[in-house]
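Would you mind keeping the following structure in view while I ask a few things?
Letters A, B, C and D name the chains as they come in the text, with residue numbers starting at 1 for each one.
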Amino acid sequence: MSNAEIRVAVLGASGRMGSEAVKAIQDAPDMELVAAQGRGDQLSEILSAGATHVVDLTVPESTEANVRFAVEHGLHAVVGTTGWDTERLQALEQLLAEHGSVGVLIAPNFALGSVLATAFAAKAAQYFDSAEIIELHHPKKVDAPSGTAVRTAELMGQARDAADVGPSPDATETALDGARGAEVAGIHVHSVRLRGLVAHQEVLLGSTGEQLSIRHDSFDRVSFMPGVLLGLRTVGSRPGLTHGLDGYLDLGL
Amino acid sequence: MSNAEIRVAVLGASGRMGSEAVKAIQDAPDMELVAAQGRGDQLSEILSAGATHVVDLTVPESTEANVRFAVEHGLHAVVGTTGWDTERLQALEQLLAEHGSVGVLIAPNFALGSVLATAFAAKAAQYFDSAEIIELHHPKKVDAPSGTAVRTAELMGQARDAADVGPSPDATETALDGARGAEVAGIHVHSVRLRGLVAHQEVLLGSTGEQLSIRHDSFDRVSFMPGVLLGLRTVGSRPGLTHGLDGYLDLGL
Amino acid sequence: MSNAEIRVAVLGASGRMGSEAVKAIQDAPDMELVAAQGRGDQLSEILSAGATHVVDLTVPESTEANVRFAVEHGLHAVVGTTGWDTERLQALEQLLAEHGSVGVLIAPNFALGSVLATAFAAKAAQYFDSAEIIELHHPKKVDAPSGTAVRTAELMGQARDAADVGPSPDATETALDGARGAEVAGIHVHSVRLRGLVAHQEVLLGSTGEQLSIRHDSFDRVSFMPGVLLGLRTVGSRPGLTHGLDGYLDLGL
Amino acid sequence: MSNAEIRVAVLGASGRMGSEAVKAIQDAPDMELVAAQGRGDQLSEILSAGATHVVDLTVPESTEANVRFAVEHGLHAVVGTTGWDTERLQALEQLLAEHGSVGVLIAPNFALGSVLATAFAAKAAQYFDSAEIIELHHPKKVDAPSGTAVRTAELMGQARDAADVGPSPDATETALDGARGAEVAGIHVHSVRLRGLVAHQEVLLGSTGEQLSIRHDSFDRVSFMPGVLLGLRTVGSRPGLTHGLDGYLDLGL
């Protein structure tokens, strides 16, 4: 057993995200990978391996039990699995109240650049007359707009409402069906699907004589790993539940 | 009377485009402005002024009579006015057949960059799996998509059909209404309306591992003037009717 | 005399910025323009006109005396004139200490989008391996890089130093002179000069698999006016000296 | 032996490009892969395998002998290997004169989008006052600017010279060293190096009131494969030597 303070067990280690996480943790000089579990492995083994932290990248059916197990045994948890509805979150918060020193991060998005882009867009939205979003993805994506674009639009819309900014000006009288995009929280959102692309989003903000554009390009799944490592390095000093990686960023927004 | 070979009469000289044309011609060292006519002026005066060329930037109601007058008196004409339907164009071609040395250019768009961007997009469209268009304009525009975007999509669609390129791949199963834009000739077109912008268009072409983007930004109406001057310098050596400024560009690659 | 609470005297009203400010204040429903002074006018007249606020858009030689006059007479001041070195700023702070209720904003840049872009770039810089800046301006600009780009690079460099981020990776061994741009605070800065452009800046931040781009386009001088109005609406509730419009933005950064 | 008309032998099949080519040819419905040779294999075996075409993706030391062997045995060749100087090209043309029906394509760049972008940039360059290039690559690249950017600048510069376009306007008086980039054939070229990027290039063209931007993004080496397949499908009908994939593209606008 080494002296690394962050001794990590990866759950869901054979999945696409999980296998990247295994590599990233092995390469991190301040961490040690002590367990890499897949379907069928026994959770108790991560205790005998001396884990201090858990990364959960499994499936919605397993994640709740995994995280409960971690909290009950005093392990901090970084969770990228979806499926955490309000009921589950409330139950987790109750459990955490009984284990005051344990921290859990549940993050729907670990790409630092994407998290920053969304935070900046939400902050800037109140200062411009017009706001629209273009998201661009590979053509195998089945939904439009992307979840990130919907979330960004909602946050921007809330900020504009709170600051009493009126709707974006728009004199369109005649339009082909769909030309002006989908409307989410008062923000027009356009979804491009193009072979060669991965996952990209551009927020456009305009006022008389000026434009502010905030764009994030995700070229590869490995872009999530710096966020996972940041989560692991921070979660031990943030007892209780944190929802969203932005809670760990020095954004003061 | 100077020795300039290109002696220009501007019709519609007090309109927005016309007044810019007057300035541009006055600044061109190889041209002379010999007449600047508005509503109510007599066309015969441009003959006594010694005009060799006419620029028509009037209104659909006047343009046909103006151009006929020019052709009948041996003047070359550069025409930016809309309203030239098939019937008018055929009548003009008959008239030009009787005046073999006269040239007429009818151009819906004088922005060189825009004309080039459309030509390049049409040419490249057959070589990529995916093709979409984003056009961005000021929020006072009443139609969506822009006429230029529709025309670009039509030319791209024709080129893809001719080369037997299938439709752009798109696995979208669930979409908010409008998210995927309007479809024109098989090309998805997205219309952004943003305060601060003027007239912009971006064509996106993608295949596995690569993207080609062709973008034109029009910041100001003066961007049409180099195209008007190019038209005036070329029309005298191109007898008959030319439709579209691209007919004068050295695009043979 | 109307009931508007913000009764503004514009100093330097015949300059390029000043004349835009006059129009913007006249159009603002919650303000009244009570004086528009040029060279040679008597400052005392702004008192008899009932001014509560002063906008100084004059020249470095006049601005200090103008602002002192305003402060001594209890008027809040929004200042866009350059020339405020450390000595002047210290003297002004002393004067403001004697007039506890008066607010002064000195802002080198009133474009909200530009101020936001710089703040976001400085905040994000610590989270990425690589950082570079491209600034693009009209070809009549005499200096390169732009002052805004230098300022942005300095703030980004400070943030990266404070977070112990190493230099951007760069394996360049052979380069044409100038290819890699100028280096400011460890950030490579590239200056494009292109006819048709006005003032634009793009900050590029990259890590493995992702890129964050923050771009500001200034198309027209009128883009400064929302910032001037925001300054006028805020300065009365912010006694003392504020340096930079970002001090009034809800950035919490 | 199948009935496919294009029966391909890949030379250099174990290299990075070669192994991608093997996969692409296996996936192409109109081709058959009949040989995949690495170092030490006997060229004579591609004859017994019934090859009609050769793809050479080897090294500068081998490529000339490989191509000579192909031509002498009546096989068409698509060549991506570098090292073809003037002397080698002349010797090859002599050999091809003796084998009138054989076609050879030597292409320094197989990315269709990149080839198109360069061709469009060269064509458009004469129509704008200003022209600059920004190329962006991963930070492990050892040279700056990229070879593609230098080649693009040279072609643009030649086109501008031929059309008697003067130099891009530039009033810069004071600049930090390197700020204005490197100058190649009168075109300013800026090289960005950013973690997360692969290979990207943007050509900016500007005139009063407008900008044309042509951007190519190469995200992955597989982007070269459509160009290799296009070469294989075309080379048999183009006897003699063709230099550059643009020679096979239908660019006549």
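Quick note on the criterion: contacts are C-beta pairs under 8 Å (C-beta built on N, C-alpha and C of every residue); 3 or more make two chains touch, one makes a residue touch a chain.
None of these values were measured; they are calculated from a predicted model.
Because chain C and chain D share one sequence, their contact can be compared position by position; here over half of the interface residue numbers appear on both sides. Averaging C-alpha coordinates per chain and comparing to chain D, the farthest chain turns out to be C. If you average the CA atoms of chain C and of chain D, the two centres end up 46 Å from each other. If each chain is reduced to the centroid of its CA atoms, chain B and chain D end up 34 Å from each other. Touching of two or more other chains is recorded for residues 128, 196, 205, 207-211, 217, 219, 223 of chain D. Contact residues of chain C toward chain D in the complex are 128-130, 132, 134, 136, 139-145, 168-184, 188-197, 204-211.
The residues of chain C lying in touch with chain B in their complex are 196, 198, 217, 219, 223. Across the complex, chain C meets chain A through its residues 111-114, 116-117, 120, 123-124, 126-128, 205, 207-226, 249-253.
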